[in-house]
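Going by the order they are written in, the chains are A, B and C; count residues from 1 in each one.
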Amino acid sequence: MEAYLGIDVGSISTKGVVLSKDYKVIASAYHRTQGKPVEAIKGLLKELQNQSNHTKIIGAGTTGSARRLAGVMLGADIVKNEIIAHAVASSYYYPDVRTIIEVGGQDSKIIILRDGIPIDFAMNNVCAAGTGSFLEHQATRLGIPIEEFGKYALNAKFGVTIAGRCTVFAESDMVHKAQMGITTEDIIRGLCDAIVRNYLNTVAKGKDIKPLILFQGGVAANIGVKTAFERALEQQVVIPENFLVMGAIGAAMLAQEYINDSKITKFAGFETANTKFITKAFECKDCPNSCEVIETFRQDQIIDRYGDRCGKWSEEVK
Amino acid sequence: MKVAFPYFGYDTIALKNFLEMLGAEVVLPPLPTERTLSLGTKYSPELICLPFKITLGNFIEALEAGADTLFMAAGARKCRFGYYHFIQETILKQIDNNVDFYPISQYTPFEFIFQKMPKIFSVSPARVMKSINFLLAHSRLIENFRKLVRQARVIDFTLASIHEKHALEIIADAINLMQIRKARKEIKALFNFADDLPENIIKVGLVGEIYLMLEPFANHDIEKELGKMGVLVLNNRSLYRHIKHLLHIDFDRIKLNHRAYKYLKESPGGEALNTVGEARTFIKNGVDGIIHIFPFTCMPENIALEALQKMSDDYSVPILSLSIDEHTSKIGLLTRLEAFIDILKRVKNQKAVSRVPRSSLLTPH
Amino acid sequence: MIKIGIPRALFYFRYGEFWQHFFRNLGYEIVVSPSTNKQILEQGLKYVSSEICLPVKIICGHIEVLKNQVDAIFLPRFVELNHGLYTCPKMIGIVDIAQIQVGNACEILSPKIKDNFMLAHFQTGLKLTGNPIKVIKALNRAIPYLSHHKKLSNSEDHKQRILLLSHFYNLWDDFIGKDIINSFQSCGFDIATKEDLPDKVLKSDKGFAKNIRWVYERELYNAFQYYSDKVAGICNIISFGCGPDSLIGEIMSKQANEYKTPFLQLIIDEHTSKTGINTRIEAFSEIINRNYQSKPYLTK
């Protein structure tokens, strides 16, 4: 069976899918990036290979913040940013979608679509104290498993206001509220409300939020945040079945669009998981900009360089 | 016609009485709360300064309370404040299309007296002038009251709070010049327990942007909080002075601008010259520290901040800079205030004048 | 010989060439600080409050570079231009900040410009040389360089055009603007800027523009109005903490919504990462292209 591969490498998690030609998810996998994208991608590939026997990958796409690295490693046919990937996947499964709320590990975005075409988007500019890693950190601090975090919010009697532009200040405000004797449930609901409020006041500011509203990304697993969104927007919010891997699905779809049954894939195969990759960084001292240049080696051979403002290092490889 | 305008600290009463003298029915929105701020933030541009958000919240709540005519100070110059009304009007018209929104330019007193007010309220310019005269007297009364209550808080905070409520009733009831004269005496009598202040008291000069200095909701009640700590706050900004300035009869300004000249050779707009001039005056008159309060990303005050920092080095007086926005948590603010006052106390006790290095500048962000 | 330093920041990107020629004609040695780089920015960060906008932080870095190698730094105080229009509080106050920053290391030459650009320069020249005829000659010979504006647009091309809407001191500073310009160009766009437009359009006071009393904001707004139906998309680059932009940017973004012109607001500060900018620009150009394929009305 022929299929397409899509990989979404985010700052916190790495997601991948194998997608059949009629857009069915044959295999999907989720890994922690943990600051080691190369390892995460390899682990992901192994898992995807195990799940999808007898499939032949005829196109591969990557997306996410490390899309470039993943693209170089895999020999991806197309490297696209996560906004387009999310939009493409969502508008296939939900043709009526007009708003996509995506809250991931370290950033959050809004995508506005009309008639299935993305027309506007925004991403968080400043640290919005409202992303997955912050929630997770707070869950750990309160000793609650992240999976249960949302349920606590549902049991709250009322929400408290948590102030704070950034995670550090929000946390100190939470600590203080707890010291005042406010219950954990109420604080968690306050936190969910704060995340939603911050999102709507910064990322989604001035955007025309119309139904159908999809909520995806890692934080969509948190029922507390979902209900907080519904409360604030006074509308129903839908969480797609594959909310975690929508970006990866989009990447696979974009690969199919690109290959279009005629081009031959550059995909290096699942064996890439066994290849040795090394990434190194060095600071170029040739001018006062002191750019940090990132290099990627496959089996000790340099395959990619980026990060220089002037382009003299990256062009050398091309 | 039901008229509303944003809160402006204690001086709200004076503005309300002024409009009522012109024959308006004033609908005051509920006192600003967290709800006001979050309503305002919801509709405001992301990067705009705090007064925009609170005043917009006031307007929205005023509409809910039944107001149909809104007044906003305007006058486009260097500072963003003069441009607020353009965007606020658009936003408010989206919420309620039938609302009448009147931007009142601050810098054209003649137009105000002879055209704008007579046209809106169908009154004679003479009546407008009479009302302005009353507004001056009334706001002067409030300025005087604020000074007394600040002193009283240091002596007995609880008693001061009780008398404060009483005094505010007296102020609200004074609706002619005779009554204002009477009210002044009564208020003075109320607070006479604080006539003599102890010698060793910590004195702090408050400077900054006028809205943040005068509106307790915006500044998290900084004057009260400091009073609770037994600190005497000096605050020379008031609606009374501001109106005098707009009528070009505030001669103190000349002195303040002159004092600021050492640090700022040209007005960067807003209240920056005032801030620097007042701070220097406070230091000359012997305060223990200066608190500089302004909205986050305020343009003129950020220029003033640099000047104040230099002044702090020159005169060895500690300065606390507080830039406030909707994310500011009251607890965080209080922690900074307490720490700052502790530093001032130590400095005072040691009688040694210590330099406060720049790195210890406490800013909330 | 007296050495005069000119920081390569803020107003340099509009008057830089004029200044260099003017002072050279007067017979002074000119030192222009190097293009902004990370090191310069970091020096600037030490001197000003973190809330201040990026271009002001940058110029403080340039002043730091210059202060020990020149006798005087030329930094005019632009207060009013174009018949009573203001620059902005920070442009006015930057001279005072610079004065505090340099202390006694060197002098700061800062003629006050209140709608008297030429006179102010004449007075500065006179103060330096004491020879009015020499100054007038030097000014005369430098005047042609006043109208030298950078341009990127190539109207012969039939590529889609993007309007980059930003202050000249953001756009033409290599450290801020270069990456953004490159990104758009590599996405295949032709770039229009407000520098392409004649003064008559930029200074127009028709419509809402007459309410805007900030001289450069009015230019941006006029450029926006002029281009809004002539380009495939508009990218508004705002530095965090820029007061005027926070207001006018909002007005423009609302109007762009009404005109249905794709509008991207990039908010930049010293923490902005190149990757973040690229992701946004890529997504934006993708959106324009996808719109373009299905809705051909955007081709003009």
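Miscellaneous remarks
Just so we're on the same page, a residue touches a chain if its C-beta (ideal position, glycine included) is under 8 Å from a C-beta of that chain, and two chains touch if they have at least 3 such contacts.
The structure presented is a predicted model; accordingly, all values stated were derived computationally and were not measured.
Using the mean of the Cα atoms as each chain's centre, the chain most removed from chain B is A. When each chain is reduced to the mean of its CA atoms, the one lying nearest the mean of all protein CA atoms is C. Chain pairs B-C and A-C differ in how many C-beta pairs are in contact, and the one with more is B-C.
Inter-chain centre distance (chain A to chain B, centres taken as mean C-alpha positions): 46 Å.
Centroids of chain A and chain C (each the mean of its C-alpha atoms) stand 36 Å apart.
Counting partners per residue, chain C has 240, 250, 254, 267 as the residues that reach two or more other chains.
Residues of chain B in contact with at least two other chains: 45-46, 365. Multi-chain contact residues of chain A (touching two or more other chains) are listed as 206. Put simply, chain B touches chain A in their complex at residues 34, 38, 41-42, 45-46, 325, 327-332, 364-365.
Taken in their complex, chain C has these residues touching chain A: 34, 37-40, 178-179, 240, 250, 253-254, 257, 262-263, 265, 267, 274-276, 279-280, 282-284, 286-287, 290-291, 294. Only residues 48-52, 77, 79, 86, 88-90, 92-93, 95-97, 100, 112, 208, 211-214, 238, 240-247, 249-251, 254, 267 of chain C touch chain B when the two sit together in their complex. The touching residues of chain B, when paired with chain C in their complex, are 45-49, 76-80, 82-83, 86-87, 90, 263-270, 272, 296-300, 302-303, 305-307, 309-310, 321, 323, 363, 365. Put simply, chain A touches chain B in their complex at residues 161, 163-165, 169, 172-173, 176, 197, 200-202, 205-206.
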